[in-house]
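The structures considered in this document are given below.
Note that subunit A is present in both complexes that follow, paired respectively with subunit B and with subunit C.
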Partner chain A sequence: MSKLKVAFFDFACCEGCQLQVYNLEEEILDLLEIVEPVEWREAMSDQSDDYDVAIIEGSITRVEDEEHLKAIRKNAKTLIALGACATIGGINKIKNNFEMQDVRKYVYGKDANMPHLDTYPTKAVNEVVKTDYMVHGCPINIKEFSYIVRSLAIGKEPKIPNYPVCVECKMKENVCRFEYGEICLGPIIRAGCDAKCPSNGMWCFGCRGLVDDPNVNAAKDVMAEYGKTLDDLLGKMLLFGNKQEY
Partner chain B sequence: MAKTVNIKVNHVTRVEGHGNIRLRASDGKVEHVEWQVPEAPRFFEAMVRERSFEDIQTIVSRICGICSVTHSMAAIKGIEDAMGIKASEQTDKLRILCHYGEQIESHILHVGYLVAPDLLGQKSVIPLVKSHPEVVKTIIRLHRLGNTWMEIIGGRMTHPVTLKPGGFTVLPTEEKLRVLKSMIEDAIPDLKTLAEVVLSLADKLPDFDRDTEYIALTGPDYYTFYHGDIASTDTDEKVPIHEFERVANEYVVPQSTAKWCKWHRDSYAVGALARFNLNAERLLPMAAETAKKFGLKKGACNPYLNNVAQIVECVQVAEHGLQLIDELLTNGLKPEPVKVEPRAGEGVGCVEAPRGILFHRYAFDEKGLCTKANICIPTGQNHGNIQKDFEALAPQIIDRDQDEIRLLLEMLVRSYDPCISCSTHYLNVEFV
Partner chain C sequence: MKIKKLDKAAFGKWVNSCIENQRVYGVQAKEDRFVFAPLVSAKDLRLDHDVTILPPKKYFLPPQETLLKFDRKEGFESVFDDEPFVLFGVHPYDMVAISQTDKLFAENHYDTHYFKRRQKATIVASDVQNASKDVFAGCMGTATVNDGFDILITKIDSYYLVDIRTKKGRALAKTIKDAEDADDMSLKLRKLVWADNTELLQKHKLHVRPEVLPRVLDRSYEHPVWEENAQRCYSCGSCNLVCPTCYCFDVRDDVEWNLQKGRRYRVWDGCLLAEFAAVAGGHNFRRNRADRYRHRYYRKGKYVPEKIGEVACVGCGRCITACTAKIANPVEVYNKLVDEGK
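For the complex of A and B:
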């Protein structure tokens, strides 16, 4: 069996999701048996346009990046969005709450109009090109990443959880964050993170995005039980998934 | 040998983010050499406005996947400063400990995965899996130590969950601290092995000195990444972190989306070598011994030696980490719930990221909503110095083969362990 040729590309992001690939530690050695990285700027000096799978990290915020992404899409048989910046625009979408001229001016002051500092409202990868698979999260869950890559290498369709974080949180036997008087996005956000945040004393920020068909009625019931409304819940979607459709 | 050189490297590889190198020479004379940063700017300082003080560290941690603990901690310190909160001794110790996990993880990633291929004549770590399997396995074990270390205290390897203004959402158990202690003890032989491997390759590090101003935190009683004042190798003055703008003097240049910095000279350097140059006498015995083996002494000004200083720091944080765990276990971990009441105010947080000193400044209104932010990133502080190094190095090596010139310039950039996402985020090299 020939190895799956994989190329990594990154746009506006912290590169923390690529970093998770290193964090597979010894498992990287196993993956290299079935996958051949042909371009990965953060790790390798090699470059190539000949790849089966393009893995895209980061959001699109500039015209030139949009062109680059479209060229990658043409080369790739399969395109994967890696991490929240790529899948839902992530933290970068907070910028879209402001006028672009305002954010440029705030950060760069009198130099704000220099052409290389240009920016437009943040887009997720699938707002620019067709996206075949998404590895959700900020950061991604490395086990899920490895599973998706292994599935593709053997021609299997990966199954991504489409139930809310509450399911995994309950399995961890955590006390519900609502019991602490907090608003947690668990009821409407896609599981697959092992409920990392609620298991460590924090509410769910929603970094994996909404489940495909959020059970709004159930979420309403949960909110009512704690004297809150659905709007309170949606109002918490400030950090990730800003301006997501729901 | 009179010759023409055109080097154009777009997106230097094996660094975090995007940067370009441009070099043009004719008749053996360098006409143009430039370090460019075309990374897509991300506007964090604008994005945190109107956000609650409780969400700030969650947002700014995403500036950088490699130094997310550092960014979280700098933000938290800035918020606490603004809200008039003093962290307890236990909280400080646990934070420093968590941060040490990130130092190890980041330094090992840099020396092991990004720099080692240069020293062994390869384009990436992947061929080393076959040619140097034991070295790669040692690197992987140490890398995992750093990650597990962060996870035990911070709840997750990247983008910590448990760190918050006032303290921690949950404390690690004493049992987990004991596990961490034995993991660190078990890793000491690996650290020694890595130091020996790098020592055996040290002659591959280019011989290039350039007198440089180095800037780092300094404190009276230990090799600090967390407490203390700002110090420079150019002066005896110690500047309180609240006055960091007086040190950084940020400015915008056309070849970079990251701001550049200067203090007493046209540029300065931050990072492991800067910390070593300002604090070497406070290294613990094993770390001091490691520095001695490499012949690394205060006053070193070869930027490529930053990689050696990183190895010394890995030993230092392992050694000090063990001490901190002992102290925490002796005192016993106590729950210390802190309810932070928002108030209007302004504050500064400063922490040494693996790649150098990091400053965050915030202002909040009476509801605790952020009204102002200024973040000054270590790699941004190094960009100007990389340019000055280029200008000094290029004429010295211009007679060499074009590929070798290109490699030496790329290695120079890598030696700074740049985190260009942090400073905006991108690296290309162009020889034009």
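For the complex of A and C:
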């Protein structure tokens, strides 16, 4: 069987999700048995336009990024969004709450009007091009990434959870964060992380994005049960939940 | 039937002797709640617990378990876990739930993976000492239990009555020392505990006897309560996952990096989850939240009773506590149907 040619591309992000792939450590050799990386900035200096699978990290924040991504889409048979910045826009979407000129000034100061800093409201990868698969999370769950790669290698459709984090949290037998008077985004956020944050004493921050059909109205209603307000809920959504479509 | 009376010291010694001899899981504190977990010392055992977050079903039907290992060229081999173990502190309502699951998993397709574990388990049930905030076992006839377990413990004043019922129970009780046989007074007091528990474990009161529920549901399929409550349903499946009588699972495959060998495993599923009833071709039999929400109450109150003659809600109240939207109280739902039908 010939190996899948894979290229990694990164846009606006910390490149931490690529780093998770190296964190496979000795398993990375197994990965290289079934894929042949042809471009992977963090790992090698080669570049190529000849690939089967494009793995896109980061969000799209400039016109030139958008054009680059469209060109990648044309080259790739399969396109995978890697990590929250790519799948939902991630924390980069915080800026979408502000005027772009203010954002440019605040971040770049006197260079705000330089052409290469011409930032626009953040888009997730699938807001620009058709995205075949999403590896959610900030950072990604490397076990899920591995499972997706292996599934694609044998021509099988990977199954990505479309149920809330509560499912995995219950399986871990965690005390529900709501019982501690906290707002946890678990009930509306896609599982697949093994409920890492609630299992370690924190609420769900929502990095994997909303489930396909989140009951956001319920989330609003339910706040009153816990003596919380809609603003409290929206406050929790600020980190990862900005301008997400549902 | 043999019933022993042990003081606290003798009881602790016996539990520790069990731990020395085999794998023992017992109820212990976890933060502000209780869970079944591997027991390393009798001092950690909390038979005064009100309710555990998950029911003991997790030991018979684990949240995730490998069913078989396969090789794409050479076929497959089933994987079983059949190391003996002891469960300490199973409340009566959970015992009833286990007995129900025994019936359902033996019906039609005998679930070998489940029964391998079940047969190797010694269950030490324990009468409830403290009622949880949402328990309603008293209404469901499950505040006390008379069969299914191997040993039943009842705390009376500073003593434990240890009621040994089965061969497995006798084997486990062999290491009991410094115990006398239970006297008539202790047995009378035990009956009082049972009567009290039937009264006390009714934090929510069902307005009908549970046997009536299938008939109530017969006329309630179009009731507005399903749509009303489902508007607040997250479809998070918490009510399913913490339920001692929910047993649905999904079966998945994963290959290793060699792309030849792999495993087939099952994971807990829940009928409230959006894709629970999704099938090939993208069809979903219960696409609407309200359909899924209604299904759970029909399952507990009608479909399972039609199979085994018992209502599949044992009144543990875990779903009430676990539902952050506060729509999962079976007593409220059933009472609404009962009262409005009068």
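By definition in this document, the second predicted complex is superposed on the first by the 226 of 246 C-alpha atoms of A that agree within 3 Å, B and C clash if a C-alpha of one lies under 4 Å from a C-alpha of the other, contacts with A are read in each partner's own complex, and residues count from 1 in each chain.
Just so we're on the same page, contacts are C-beta pairs under 8 Å (C-beta built on N, C-alpha and C of every residue); 3 or more make two chains touch, one makes a residue touch a chain.
A quick note: this is a predicted structure, and the numbers were derived from the prediction, not measured.
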item	value
Combined model on subunit A: subunit C and subunit B, fit or clash	fit
Which superposed partner A:Cys138 touches (first subunit B, second subunit C, both, neither)	first
First, second, both or neither for A:Asp232, with subunit B first and subunit C second	neither
Winner by number of subunit A residues touched, once subunit B and subunit C are compared	B
Partner chain in contact with A:Phe11 - subunit B first, subunit C second, else both or neither	first
Which superposed partner A:Pro187 touches (first subunit B, second subunit C, both, neither)	second
Subunit B versus subunit C as contact partner of A:Ile34, first or second or both or neither	second
Touching partner for A:Glu173 - first (subunit B), second (subunit C), both, neither	second
Angle, in degrees and to the nearest 10, that opens at subunit A between the C-alpha centres of subunit B and subunit C	110
Contacts of A:Asp49 with subunit B and subunit C, given as first, second, both or neither	neither
Which of subunit B and subunit C A:Glu67 touches, first, second, both or neither	neither
Gap in Å between nearest CA atoms once subunit C and subunit B share a frame through chain A	11
Sites on subunit B touched by subunit A in the complex	11, 13-18, 38, 40-43, 45-47, 49-51, 55, 58-59, 62-66, 68, 109, 113-114, 117, 123-126, 129, 137, 140, 143-144, 147, 155-159, 161-162, 168-170, 252, 254, 256-257, 259, 421-422, 425
Subunit A-facing residues of subunit C, complex	30-33, 35, 53-54, 58, 63-64, 231-238, 241-242, 252-259, 267-268, 270, 273-275, 289, 322, 324-326
In the complex with subunit B, residue positions of subunit A that touch it	11-20, 22-23, 25-26, 28-29, 32, 37, 40-46, 58, 61-62, 65, 90-92, 94-95, 97-98, 102-104, 106-109, 111, 114, 116-117, 119, 138-139, 196-197, 199-202, 205, 238-239
Residues of subunit A defined as touching subunit C within the complex	1, 27, 30-31, 33-34, 146-147, 150-151, 153-154, 156, 159, 162-164, 166-167, 170-171, 173-176, 178-180, 186-188, 211-215, 217-219, 221-222, 225
